[in-house]
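Next come two complexes built around subunit A: one with subunit B, the other with subunit C.
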Partner chain A sequence: MDRYSFSLTTFAPNGKLLQIEHALAAVGNGATSVGIKAANGVVIATEKKAGSSLIDVSSLEHMVMVCESIGMVYSGMGPDFRVLVNSARKAAQKYRRIYMEDPPVRILVKELASIMQEFTQSGGVRPFGVSLLIAGVDDRGPNLYQVDPSGSYFPWKATAIGKNMVNSKTFLEKRFDNDIDLEDAVYTAILTLKEGFEGQMTEQSIDVGVITTIPTTQADGKQKPPRFQRLSPAEIKDYLSNVA
Partner chain B sequence: MEYNGAAIVAMKGKNCIAIGADKRLGQRQLTVDTNFKKVFPITERTYIGLSGLATDVKTLHDQFRMRVNLYKHREERVIEPKTFANLVSHVLYERRFGSYLVNPVVAGLDKNDIPFICGMDSIGCIDLADNFIVCGTAAENLYGACEGLWEPDLEPEVLFETISQALLNSVDRDAMSGWGAVVHIITPAGVITRDLKSRMD
Partner chain C sequence: MSSRSASAGYDRHITIFSPDGRLFQVEYAFKAISNSGLTSVGVRGKDSVVIATQKKVPDKLIDPATVTHVFGITPSIGCVVTGLEPDGRTQIMRARQEAAEFKYKYAYDITPDMLAKRMANINQVYTQKAFMRPLGVSMIIIGWDDERGPQLYKTDPAGYYAGFKATAAGAKHQEAFNFLEKKLKSDEEPNAEDSVELAIATLSSVLSANFKAQDLEVAVVTKDNPVFRILTADEIDAELTRIAEKD
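Moving on, here comes the complex of A and B:
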């Protein structure tokens, strides 16, 4: 029973945790994801490559909503991502139980990062093989965070993770500016993915999620807080046709 | 809940809040303290008043102070009155079977200077009011006094007079509360705290 009460992630003589290095390698083999923080919102996008033409691509869930104001995407191992999605959603609802409002993005990120760190120090478990891009809107405005298998998290203005992250980040550096509008950011995100895309990019092969800082005014005059939304294939097609 | 005695009232005014309480701490008919605090600042613009069993009043104040400090450090921001009220409700319901014997009143100004008041029962059911919230052994008296005296959009100085009269006259008809009173007026400019001169019995 106590055979695995010790951690499988142990220090190498050079000070590195090799399991985490290997986890990062798994992330580096995963499909590219990008995120851009605009002046009035955030966009995250990912490649959704199906292994064969027989796969029903519309049912693949790479872009998920954690709570109304926060969305998440990943690069790396899909099954590990699903576990973290459940943890994130539960953490968000636990916060809501107490404060009756969605957690600020930085709070949710800290919680998730803490969970991921646990798996680098607990007995008998391995680190998660995913890096996450978490996008959301809160009292501080738009937010974009990356969380790594080690549990480190970084706030970003724009970033990419996964297979093509180096080239994508160079591409983003050239095109990003602090006042970028959300619409432009969506185009830029799609363009960034296109740079490293093998083959023809269609509305079925990428997933895009957006959240704006502007609340929507309902028919009765009440204001609804901003909501994270996955773009439909039709909407993505529109963007793609203008990008060509 | 009647062991220690208390009278607490909060009122909404024009861009301001008033919250007041008596200062008596008793043990049944014996008066033990004439300067017992029942209204506490949570942040610069949010106050909580707690009536009921005095030991729970003290303990809950400490609990809330801890949780609000943790919130401030984790979230790097000050808690809003509405959020704090939900936190209070949660803390009370955690003890649903074996509850704290208190009736809290939360009053404050949010980050847009909009007044917020609410009351709760001992297990955290929030009562959102547009006008006033009362609790304590003098609650019935306070309901009558407030209903008679309160009107919407009172300026801070007028609100102070209104809440003071409601409080003073209500505790005078209640054996378990009195022995002095404190009133806090919270405005966007700051908080003014005044001690009321009352019948000392």
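Moving on, here comes the complex of A and C:
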């Protein structure tokens, strides 16, 4: 293990960190994911292409909850994503132990980005082959962030990552406006994925996650903070039927 | 977009990215599985799940009873490992350790999906850290989950894992997948007998072979008996006879 106490990501003569560029190529080979920040919430969605009809799609976890108010999706290498999901969840709980509430999105993003940066500099490891889209609601309202293999992070109003990101972003630029409602944003996200989708898009082949800024009122009158939710296949089917 | 960048040549030796974002060591690990020459399949039914694999004894002097790729991990979970045998044994030892530690920590048996996830996460580490190569094995895990019934999972050197209605690994896995996809198109889940039959039929078809009991290893987990059970030679014989008489 000590034989690899040197970094595998090193500067090329032209000043580039090639391993990071290659990691971005791995992201570009991955299924497309989109995210839209609405006036009253955030939506993230991804293609969930099962390589075979024999795969039990209910076992695939592409859209995950990090903590109650933050969700995450990726483009790139699935196994690397799982590692970051665990790191994100742990980081969120660590924050909770100290401050007794969920971390603000920007704080969690910084933590994850820092982890991803470490893997571009530490000895004997390669960068993560994923870009993340992190959606959440906090004191500042709705948030949508992208985190890259390099550890750079960007706040977005709307964006796409993965195979079809260029066309998807053009599509989004045309349809986005600052006052977009969350419902419309969900439709737009699904439409954006549909643009680049090969074959027939069904409720089994995409995953959609939503969080609204509006707290829910429980039966006992208490207000619960908004919760990140994965849409069920039935709900996605509803959206799809209205979009076809 | 990025200019054509040359790799230092190490991307084929350790798990770092190639210019187009691939991990060659992981891809080569997959090749090692195919090179092993054996094929395994798994089929999940309504109330049962079965795995079957070829049993090839390379030398007459080898004691056939010691040649096996099917291993129990907990009383209700077992698996078949396909690929490099020594790597397979390492994975089995680790899987058993993980399952035992889980039971010790949480006071209940690990479920197949959690075990598969844990093994897949371990595989992922080998794809990201340079000091250990990925293992050249694919593990098909079957088991009984008290809440969800029969479970079938597969892990691979890339650290990927998924639940399956049916799956295959090894030399002829692609042909086996094609065969199984056709047979399971109707979405109807087969019963216990039919799953065993489908598993054996898949192997026969892709390997163009008529099996005798000593050429196969079969293991099942069923609702009536939710323990991982390896069939004896006589039981396999009975299944083969039943299949032969059906035609």
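The rule is short, and it goes like this: the second predicted complex is superposed on the first by the 243 of 244 C-alpha atoms of A that agree within 3 Å, B and C clash if a C-alpha of one lies under 4 Å from a C-alpha of the other, contacts with A are read in each partner's own complex, and residues count from 1 in each chain.
We adopt the following convention: contacts are C-beta pairs under 8 Å (C-beta built on N, C-alpha and C of every residue); 3 or more make two chains touch, one makes a residue touch a chain.
As the structure is a prediction and not an experimental result, all values here were calculated from the model.
Peer 1: Taking the superposition on A as described, I'd like to know which of subunit B and subunit C A:Val83 touches: first, second, both or neither.
Peer 2: It touches subunit C, and subunit B stays clear.
Peer 1: With the two structures laid over each other on chain A, which partner does A:Gln200 touch: subunit B (first), subunit C (second), both, or neither?
Peer 2: In the superposition, A:Gln200 touches no partner, neither subunit B nor subunit C.
Peer 1: Applying the document's definition of touch, where does A:Ile107 land relative to subunit B and subunit C: first, second, both, or neither?
Peer 2: First partner only, subunit B.
Peer 1: Looking at subunit A, does subunit B or subunit C touch a larger number of its residues?
Peer 2: C
Peer 1: With the two structures laid over each other on chain A, which partner does A:Tyr99 touch: subunit B (first), subunit C (second), both, or neither?
Peer 2: In the superposed model, A:Tyr99 contacts subunit B only, not subunit C.
Peer 1: Based on the superposed arrangement, let me know which partner A:Asn178 touches: subunit B (first), subunit C (second), both, or neither?
Peer 2: neither
Peer 1: Please work out whether A:Ser59 is in contact with subunit B alone, subunit C alone, both, or neither, and reply first, second, both or neither.
Peer 2: second
Peer 1: Which partner chains sit in contact with A:Asp139 here, subunit B, subunit C, both or neither? Use first/second/both/neither.
Peer 2: Touch partner of A:Asp139: subunit B, not subunit C.
Peer 1: Residue numbers of subunit A touching subunit B in their complex, please.
Peer 2: Those in contact with subunit B are residues 97-101, 104, 106-107, 110, 139.
Peer 1: What residues of subunit B sit close enough to touch subunit A in their complex?
Peer 2: The contact residues of subunit B facing subunit A are 74-77, 82-83, 86-87, 90.
Peer 1: Per the contact definition, I'd like the list of subunit A residues that touch subunit C in the complex.
Peer 2: Result: residues 1, 3-4, 8, 12, 16, 18-19, 21-29, 50, 52-56, 58-60, 77-80, 82-83, 86, 119, 124-129 of subunit A touch subunit C.
Peer 1: In their shared complex, at which residues does subunit C touch subunit A?
Peer 2: Where subunit C meets subunit A, its residues are 2, 5, 7, 10-11, 14-23, 44, 113, 117, 120-121, 123-124, 127-131, 152-153, 158-160, 162-167, 177, 180-181, 184-185.
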